[in-house]
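Look for subunit A in each of the two complexes below; its partner is subunit B in the first and subunit C in the second.
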Partner chain A sequence: MSLRSPRRGQASGGALRRHRGLALLLVLPALLLLGALVVYPIGYSVARSLFDASGHRFVGLDNYGAAFTDHATLTAARNNAIWVAVAPALVTAVGLVFAVLTEKVRWATAFKLLVFMPMAISFLAAGIIFRTVYDADPHRGVLNAAAVAVHDTFDDQPSYPGARPRPGVGLDRVGSGDVTAPAATHVVLLPLVGVQPDTLPAGARTARRPDAGDGVSGTVFLDFVPGGGGHPGQLGPGKQGLPGIEVQLRDGGRTIATTTTADDGTFRFAAAPSATTTLVLPAADFAAPYRGVDWLGPALVTPAIIGAYIWIWAGFAMVIIAGGLANLPRETIEAARIDGAGEWQIFRRITVPQLAPVLGVVFITMVINVMKIFDLVYIIAPGPVQQDAGVLALRLYLVSFGGGNDQGLGSALSVLLLLLVVPVMLLNVRRFRGSRA
Partner chain B sequence: MTTTQAAPAATASAPAPTGRPAVRLTTRLVSLTSSGLVQVVLIVAAVAWLVPTVGLLVSSLRPKQLGATGGWWTALTRPAQLTLQNYTALLGGGDVPKALWNTVLISVPATLLTVALAAGAGYAFAWLRFPGRDGIFLGVVGLLVVPVQVGLIPVARLEGAVGLFGTIPGVVLFHVGYGLPFAVFLMRNHFLEIPAEILEAARMDGCGEWRIFRTLALPLAAPAVASLCIFQFLWVWNDMLVALIFAGNDSQPLTVYLQSQMRQFGSNMDILAPGAFLSLLVPVVVFLCFQRFFVQGAMAGSVK
Partner chain C sequence: MRLRRTLPALAAAVVLGTTATACASSGSSADASATQELKGQNLTVAAVWSGTEQENFKKVLEAFTEKTGATVSYTSTGDNLSTVVGSKIEGGDPMDVVMVAQPGVIKQFADKGWLAPLSPAVTDAAKKNYAGVWSSLGTVGGTQYGLYFKAADKSTVWYNPTAFQNAGVQPPTTFDDLLRTGRTLSDSGTPAFAVGGQAGWTLTDWFENVYLSQAGPELYDKLTRHEIPWTDPSVIKALTTLGKVFGDQQLVAGGGQGALQTDFPTSVQQVFGAQPKAAMTYEGDFVGGVIAAELKKQIGTDAKVFPFPAVDGGKAPVMGAGDAAVVLKGAKHAEAAQKFVEFLAGPEAAAVWAKAGGFISPNRAVDLSVYPDDTTRQFAKSVIDAGDTFRFDMSDQAPAAFGGTAGQGEWKDLQDFIADPSDVRGAAAKLEADAAKAYKG
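Let's turn to the complex of A and B:
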């Protein structure tokens, strides 16, 4: 990158002067705008950060002190640190994996197009997309719908939230939520009420008295006839058996057998009834069904937003790294392969070290990007958890424009934000000077 | 994007050229199962990358009252529920057409102005001599990473003093200011790649510097101008933060309008989903049409 054309010196003095006029004409508009909109604001922010909210009283470094003691700002600083520590590394890693893997498939172009595309869309649109993806309601958020579907595949026990024993028929509900009944007779009826109609499984059939045998048997049923009728606590037409309920037989607190009710609500144990045995329907039978994960709750909101960020930027990392990969000398890799090195060894010992400069560029770009993160957090974090998810740029906006109305503190935050990128600024300048020499 | 696909496909399935047949067979088996695994991993990733956007599109095509009955994925088995009514309602009147138009009124001038100013300045920094040139350019390099947040308060005050705050020109001006460092940097580097002999030959033929710039240098730097146009356009089109502060009620772009709707999130998917899809449609079309320039720009911009 040479700065001068070698024969420039031969231009006549008149031409040079004309050049100078043209040069000023071309450069001045840009420089004036840069001066007024970028350089002056830096100085103004530094000065403004030393004054209070009104802008009239000099407060020294108080705004910076406030920034480091204010709870919301500290949370924001902590979250920014989490972002910088986690997001750039993850984006670079995912981009690297994608770049290496796509070299091995025929549909690489389609894949790259698909993964790169989110980079073109706004943080706002991506934010709305992920606000929907992360919706806690499994009927709205696709992630929780998938989580519930997977959960129910492995644990399809029906559960009857809200169900409770019919009072006055010898059933008891203990503190832990278990429902208990003495197992002193051969047939024990366990009538429950308060079962929500929509939790009744499709296979449920009319409750039936179990065939008498040597052991304890019984029926768990919904003691309620739609439309009325029937006798409380007794079986009858229209009363549904409750299938899939876990029933334990305990003797003096020790569980000696466990079974599950059939479609008509019946169950059977081999053990004979006695004065010391009890039947227990554990609290799990009445637990609320699995509803997925509260992605946008205070605990997970930052990791969730980082997930959305990876969705946006992994494509950028992938494309840059794939570009670097294409420029790598193939001979080393081929030689290693002939010497019997495995793909993983090649990846670890050859590809990654050779790619280090490219990975560094991607990583630093992401670090700068992440420090200024604003839109995504502002859009995805629901109002009540916005403070838990807060980052410096969001805090700056809220403090100066979004109701806080303290441009002194806001300026201090913007100076801090600027200080964070100063190392990269110096790096850029040094790298540029180096490339020129 | 299209350069790295042909060769590697062959190396994955081809066995190593040396070794006894047995070794070759195991190598082959290993590479077959591992390439199967690679396919699976990439298919899972592709689905993960596709589903969120498809979800937004399908949601935008569902009538509002269905939102309570089940997720957008129920439309995959019952496509009859899909309708364009949200879009016709949204574009039929009210705030969205105006916001969309404001987005255009902000993005187009902000792009053209930035690129025009940067092309001129970039050429001067590359090929013309004036006092302090190299030092000033180093300063521009330093400004590359200045966050827009630094400008919000001071420029708002500055624009307030001259009556630009809350207007479309005010938003445009801010975007030009913060687009310029990268734009000048990019243009100057591309102009420098033009061989000096070409410019010198034109000079010998009696061409003035202005004509050399207009008719020779600028066409030669066309790919850089194209990437820059695309990047600046997408940057401004997608911006929310700057417009949130600098645009008034009459000048707010689509992003700010949609942001103001976030408060009722959940009950207004008939506005948010189609609105968000409209706002991402233009960038995606631009991306698909100009992906080559987009990738070049992304590479050049990775110093930003």
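Let's turn to the complex of A and C:
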């Protein structure tokens, strides 16, 4: 730069001073803004992080110590690591796939518009949308509605979901959920409870004792009289038979015979009662209805939120990558094609390497973006799993303003977050320098 | 705790809606001998109330105007009461009277030197008409600053009478009875409880009722002030009792996991909605608001209430909340402000709002016949009958980081506990660790 040249400096010191003054004057507004909006807050946060919650007592590095020992903060740091490791790579990959595919379809613009659309939705709204999408109740959450629909197509609906044996009358419920009773007498009563009387099949009739006979017979019945009353475990007026329940007669582990209960709940086997045989009502008839997947439970909540994040950002990645794709020299691709390369080979060996700089930009942007992820997690994660899904930015906010009111610890977290972002920033600046040179 | 504030508002809206009969003439019956001694004074009063609650409170203000001649202007502060009051005071233009909910906020205001002590006339009236516990809730360092005008009852179990009828059971009076009733209900095909565990405050309220009845008011106070740890045997015992409910798939719709996926409005809907999925739900008197407003059901016929039953031979708990009037230091009309609070301490003012509905008074002198329906009367009676054993919501008195923040502290620890009720000691240890951190700060 000419200003630094010593010879000219000696020649016209006054002009130089004027130059400097002018330069300073021109830069001043920007400097002031940067100072007030960036440098001062960072400095203040660093200073604040050395004081306690009230802001009056100097505590040195205690807040940093607290940050590294606090269970919730450590979970947040772990989740941030998962986010950084998974989300940017997935967004870039999905964007790349979309970009390459849109080159080949006829309605490329419409498709691009559609994929890009989520970018136009605020994060808050997107969060609310996905909170509903992931809702555990199949009547509300579309994902679980689909899961339940698929499950029920392949699996029969239980006839009496939630039914269970009346406790204390000799009926057993084994681990698999089967209801068992010894078939040692001619007549075996199998009282069940936990079924709403108005949900019984229309054909159900009052339960009765089966007619006497040689084999094992019995009654499966709803051991509950609407309005209460009656004797538990015994037949009586108002107790309905449970029709259509599969009954198995087993000897040891072997099933000897199978039958189904009649409208009054009765069933009959020809085999004589013995000490070694048991009656089994298979669990399938009583299984609680399938409720889908607990998307927002502690195990799946972070992957679920990452899914929402990809939904939003894939469009952005696609547009940037498609831009890079349009500028690629076609000759290399054509040459490869003439040499007999397949589409996959072209994609892997030609397109991706040539796109590397663009992919890098998208990836780095996403890494920085993901590090400060806050809103989606805050909105989608329900209260009970908020800590399990927590990330540093969310933790920072909750600690400072969301009830904790410890802005000292919050400032310490913000400084830590800054330190984590700085290397990525430096990398990005270096890349910009490199691309200019 | 925005939800807690808006729910009573809803409740008021609704109870009023269902019982909007004779409330127009209520305030105007001031006696002819009204002195009009405060004519020309313009009092300013601030509270968080808006909507129906604001309308009804204004009726009280009008009654005061009629009686004394002072005009009163009302400001609704929204949820940020402390901030609004603080900025008014710093700006040199304090309101005269502010309605404050939590005892902790009264203490905070008093410690900052924002409050003027209540006049002897007010404290005398309070002594005469209120159980001592209410005065002590408004007292900081031996000086009474707050007068509780409005109360809330959070020891109420709401049930679906049809489900009870189908199962042939009656409202239980002891906790063991409650568990038995619950099992019978479950046998009849309807799970006993819907628990809105996705919001942590429903769980703290469950715990507080069990603890208050089982351990007694003295230990309750000690735990509130964190003078005994959460690992105390009494806490372990209460958590074990609570685990009997939450650990039982038959008693809670969907078990503990189901409770954690259920938010508060859904839990109410599960009991009183079109197809009941549970027979009972426990939460405070404001549940009535949700039932009537959102589910369009009639309180008293479609939805009934029984008091939270006594646990292990203790006294049935009466736990709740309230709103207190405080006079700000430097109030421009200090004398009129004291007169206004004195007015609030009398039965007349409470009767005005009580008639309008959505209001319970902790004032003994208020005639129970002024309440517009049996359910509200039942709440008012149990608060009055509880006398000095009434206790203010514990989590509302704890530091917010422990008792009032989603996803952390007591809320989170109790949620973890109902997910796995077998580990009582682990849960108690976690509660103690979080409490120690929050109370220290």
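Things to note:
One rule holds in what follows: the second predicted complex is superposed on the first by the 278 of 437 C-alpha atoms of A that agree within 3 Å, B and C clash if a C-alpha of one lies under 4 Å from a C-alpha of the other, contacts with A are read in each partner's own complex, and residues count from 1 in each chain.
One rule holds in what follows: contacts are C-beta pairs under 8 Å (C-beta built on N, C-alpha and C of every residue); 3 or more make two chains touch, one makes a residue touch a chain.
What you see is a predicted model; the values in this text were computed from it and never measured.
With both structures placed on the common chain, the touch criterion links A:G229 to subunit C but leaves subunit B unconnected. In the superposed model, A:L50 lies in contact with neither subunit B nor subunit C.
Of the two partner chains, subunit C is the only one that A:D294 touches; subunit B does not reach it.
In the superposition on chain A, A:V193 makes contact with subunit C only, while subunit B stays out of contact range. In the superposition on chain A, A:A87 contacts neither subunit B nor subunit C.
When both complexes are overlaid on chain A, the residue A:I245 reaches neither subunit B nor subunit C. When subunit A is checked against subunit B and against subunit C, the one touching more of its residues turns out to be B.
Contact with both subunit B and subunit C is seen for A:G383 once the two complexes are overlaid on the shared chain. Where the contact sets of subunit A with subunit B and with subunit C meet, they give residues 382-383. Considering their complex, residues 165-169, 184, 186-190, 197-200, 250, 257, 260-261, 263, 266, 400-401, 404-409, 411-412, 415-416, 419, 441 of subunit C touch subunit A. Only residues 53, 72, 136-137, 162, 166, 193-197, 199, 223-229, 294, 296-297, 381-387, 390, 398, 402-406 of subunit A touch subunit C when the two sit together in their complex.
Within the complex, the subunit B residues that touch subunit A are 1-5, 8-9, 12, 16-18, 34-35, 38-39, 41-42, 45-46, 48-53, 55-56, 59, 67, 69-73, 117-118, 120-121, 123-125, 127-130, 133-134, 136, 138, 140-158, 173-174, 176-178, 180-181, 184, 189, 192, 196, 199-200, 203, 208-210, 213, 234, 237-241, 244-245, 255, 258-259, 262-263, 265-266, 269, 272-273, 276-277, 279-280, 283-284, 286-288, 291, 294-295, 298-299, 302-304. Residues 1-3, 5-8, 11, 16, 18-20, 22-27, 29-31, 33-34, 36-42, 44-45, 48, 98, 101-106, 108-109, 111-125, 128-133, 135, 138-142, 145, 311, 316, 319-320, 322-323, 325-326, 337-338, 340, 343, 361-362, 365, 368, 371-372, 374-375, 378-379, 382-383, 393, 396-397, 400-401, 407, 410-411, 413-415, 417-418, 421, 424-425, 428-429, 431-433 of subunit A are the ones that touch subunit B when the two sit in their complex.
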